[in-house]
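Just so it is clear, A, B and C label the chains in written order, and each chain counts residues from 1 on its own.
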Amino acid sequence: MRRADDRTFATLLMAPAAVFLGVFVAWPLVRLVIDSFYRISPIAGGPRSFVGLDNYLRALRSSTFTSAAVRTVAYTGLVVSAEFVLGLAAALLFSMLGARSTVFRTVFLYPLMIAPVVAGLLWRFLLIDNFGIVNELLSRAGILSGADAIGWLSNPDIVLLSVAIPDIWLTTSFMTLVIFAGLQNIAADVLEAARIDGAPPASMLLRIILPLLRPVIAVALIVRGIDAAKAFDIILIQTKGGPENASQTLSLLIYQTMIRFSDPGLASAMATMYLVVMLLVATVAVWFIWRPGTAQR
Amino acid sequence: MNSLFVRRPGTRALVWALLTSLLVLYGFPFVYLLLTSFKTPLDTIAVPPTVLPHRWTTANYTSALHRGGVVASFVNSLTTATLSTVLSLLIAVPAAYGITRFRTFSGRVFIMGALVARMVPPVAVGIPLLSMIRALGLIDTPTGVAIAHTTVSLPLSIWLMASFFEAVPDELDEAAVVDGCGRLEALWHVVLPVVAGGLAVTAIFAFLASWNEFLFALLLTAVRAQTTPIVIANFQTQFGLDWGAMTALATMYSVPVILLTLILQRHIVAGLTLGAVKG
Amino acid sequence: MRIVRQSRTMRSHHWEVLGGAIALVALGLTACGAGGTGGTGAAGSDGAVRVLVEAGGHAELQPVADAFEKETGTKVTFVELPYDGLYDRLSSELSSGAVSFDVAALDAIWLKNFSAGVKPLDDLFTPDARSDLFPALLKEAEVDGSYVGMPVWTNAEILYYRKDLFDDPANKQAFKARYGYDLAPPKTWQQFSDTAQFFTRKGIYGTDVKGAVETEYLATLMQAGAKDMVLSGDGNADIDTPEALKALDFYSGLATRLKVSPAGAAQVDWAAAQNLYNQGKTAMMRFWAHAYTQIPAESPAKGKTGVTVLPAGPAGTAAVPGAWYLSIPKATGNAAGAEKFVEFAFDHNDLGVQTALGLAARKSALQKYQSKPGHENLGALVAALDAPATTPRPANAKWQQIVDTVLVPMLQKSVAPGADNAALLEDAQSKIEALLK
């Protein structure tokens, strides 16, 4: 169906989305980038002076920014890999059970429906020292020596892991649902043929299922990677980035700098750098695992 | 049916057992939330903590419902999330179709652009967005909030729909065009029914993105359009935390989305079965 | 193509869905929301006064609003937001230059940041008004030479203690035998340490140590006789001092040296500390005065709680006022109504005492109720606010950043075992200097 006016038709189809994103996202972004070259008073009408790259240099010279960047990478890697493994496992299990798994699938979706503000507090109360139920149950089961054996939220060495748990809990369902939908679209005869050939389950998974799922997995990984990297509300509620800034990620730092520390110029520079790096990483990721609109079948 | 379906009883039992234990672990936080909503104020954060309430009470539900603005905020949340979902799908479906079917260069640029939109930390665009929504006269209206929420959900909707369209072979709509359909008709009558499951999934995520969103709702609403997440957050104040009422309201707030998922689940199954025909 | 024909039969159904969707969007464009009373789109178009308030503070202001409406016929609409959300909202709106409210209740530490966006209220600070306000609050309300907020209620930390434990004859006897003086609500740091150690036993701790919030350390700093609260009068860092070290040793020593507090001090914040006391897990608690009326009915501490001022350090007792102020944004469209409301709220300040929180800002309002049963906390609150060493937090635009990035992390390190407090203070000093550059 490659007619001469295909290009026009495709453009028309994309136009509404392009206009919407252009007005409500691209324009604010342009202002963000412009702001990053200014020192700005946080109250409208206040002074505003051009400082060139000064905001960028200030950000790069501060260890707060660089260590938040490192933490963001660790946090994102942790969240996305845990979600992928759990999500794939759950989706496979659901597929093995067929239609009977409907009820379970619904239950599995449940965390998605909890507002992050509640999820953050819920996990704070699950993990917090003194009255966290997780430690209490673990110690009653004899796994921990006492209810205060692990300081989930007060030990700076493990707090990044602790704040990642709720994020994993909340959105593994997303991964599961997307992968499950992808699994349903794998042609039955391909798998049947492999099974008849006597392929062991592990090699079926690695050599047939995963390659066939590549586009779906790509979307799920990229989207979740992007979302995990910008996570801030759940962390904010649980620890406010502490203790000792050990759970302060970049987007949390941008939020704090922009609004709480009233330095929009610096925050804009941080956000711009964050976006540039994210864009590079995502481009590479898209290039390697999925090329939308170029796939050959 | 499904290609991974397991028939051997022994294996099935094992899979069930595995899944059940996974779900018990996974579901525990939610069960804990639910149980907390039936505890007395002192019990909600007891030291040491307990799983079951010492004394069951529905007082938290009554107090949450009696708080001013709760019912109105439910209506606002529902209006906002529905508007945002419809808007998101109406824009995303044609865009994703255009990107995956015609494989133009602009399409490839566009889908990366959508990705950039997803990357933006909300706080970085919050203030300009606030000014724009105000300039449009949509401040403190569900429409204004829905537009803001669509900036978050639209990129995901485009990407999800693109991935679902990718899975549908070109021959399908080509055949439809040969059958005498216009291209929009081919999309509407032939391709969309095949990806109905994907559409349902996309709708759920667009709806949830708006339903639970906090920051834009905080910045853009005042008296008339305040959504429930803000009201839920209001149970934590400078003077203390009403954790019981908060969990009660959070539980009630999740009921509509559970219903939505249950309703759409049938369509997911239907859509997926249709999709299986294509092989 | 079987599918094609199949789905053709669904054609009409499909178009219905689309039609419905479009109708819904159209409806949304005209929808005006379900809450409130309407008419609040344009600034003060119907003369109503819109008040932006933290959710907990709403209850304090509601009686004032009711009385105001009755007397003037002007409606008051509240927009309730969570604490951090209120700051975010104020910051965004003042930064965008257009506001959706006429009056805002501001936390003391925000005044400096927002002072450029709010109107001076000097006319309301008559000599009479000034004489009825605590000196610390007056000092705090004045930013760069003008009063930018009118105090509406104030808090301060006081000492809560379990009367039943202190009155127990066996405890009294054992305490006297061990420490050589009578068991009583502690008046000094030393007595506080002794008492906290005495009550720390299985299942109960002497007190809590808060690592996740800073205000209590600031009060301790003033009790130690520090000249400045973290920042000097001309805005320079001043925390690497002998007094600050003395205060920090006492503050975190309760957790690290004396071990009279529950584990996990690094994440203990106000909510956690209050919960521990209400659960009967701590015998004493240093906490804001409002908690007195908030003890749940089934708590072991209910009806058995006494209150007094915080124990004195070398410079006597001291507290940090936690006051809230009503301010009027410059960009409001209803300045006249807003000003009337702020004045009315000051004149009827005592209405706040009768609410569940029971707070007010004027001396006369607090003193009117302090001897009434159920308001015992107000006497301690007035005494705390009147203490000579009581000092407001510094008015500095970077204050929030200093708290979040220097003070709280410092306290969290300090409550960990083996912390070197002197080195921590030195480090904090240089970090604050860098921030202020």
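What we mean here is this: a contact is a pair of C-beta atoms (placed from the backbone, for glycine too) under 8 Å apart; a residue touches a chain by one contact, two chains touch by 3 or more.
The structure presented is a predicted model; accordingly, all values stated were derived computationally and were not measured.
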Chain-chain pair with the highest tally of contacting C-beta pairs: A-B
Chain whose Cα centroid lies at the greatest distance from that of chain A: C
Whole-Å separation of chain centres (CA-atom averages), chain A against chain C: 33
Centroid distance [mean C-alpha coordinates] between chain B and chain A, Å: 15
Gap in Å, rounded to a whole number, between the CA centres of chain C and chain B: 35
Chain C: positions in contact with at least two other chains: 88, 92, 95-97, 275-276, 279, 281
Residue list for chain B, restricted to those that touch at least two other chains: 45-47, 90, 127, 215, 233, 236, 241
Per-residue overlap in chain A, given as positions that touch at least 2 other chains: 130-131, 259, 264
Residue ranges of chain C in contact with chain A within the complex: 84, 87-88, 91-92, 94-97, 113-114, 116-117, 211-212, 262-268, 272, 275-276, 279, 281, 331, 397-398, 400-401, 404-405, 408-409, 412-413
Chain B to chain A touching residues, read off their complex: 1-6, 11-12, 15-16, 18-19, 22-23, 26-27, 29-30, 32-33, 45-49, 51, 90-92, 94-95, 97-104, 106-108, 110-125, 127-129, 132, 147-148, 150-151, 154-156, 158-160, 162-164, 166-167, 169-170, 173-174, 177, 183, 197-198, 201, 204-205, 208, 211-212, 214-215, 228-229, 232-233, 236, 241, 243, 246-247, 250, 253-254, 257-258, 261-262, 265, 268-269, 272, 275-276, 279
Residues of chain B touching chain C in the complex: 40-42, 45-47, 69, 71-73, 75-76, 79, 82-83, 86-87, 89-90, 126-127, 130-131, 134, 137, 139-143, 146, 172, 175-176, 179, 181, 188-190, 192-194, 215, 218-219, 222-226, 230, 233-241, 274, 277-278
Residue numbers on chain A that touch chain B, as the complex places them: 1, 6-7, 9-14, 16-18, 20-21, 23-29, 31-32, 89-90, 92-99, 101-102, 104-118, 121-123, 125-126, 130-133, 136-137, 147, 169, 172, 174, 177-178, 181-192, 215-216, 218-219, 222-223, 226-227, 229-230, 232-233, 251, 254-255, 258-259, 264, 267-268, 271, 274-275, 278-279, 282-283, 286, 291-295, 297
Residues of chain C that touch chain B when the two form their complex: 1-4, 7-8, 10-11, 14, 21, 24-25, 28-29, 31-38, 40-41, 50, 54-57, 77, 79-83, 85, 88-89, 92-93, 95-98, 100-101, 107, 271, 274-276, 278-279, 281, 288, 290-291, 294, 296, 298-299, 357
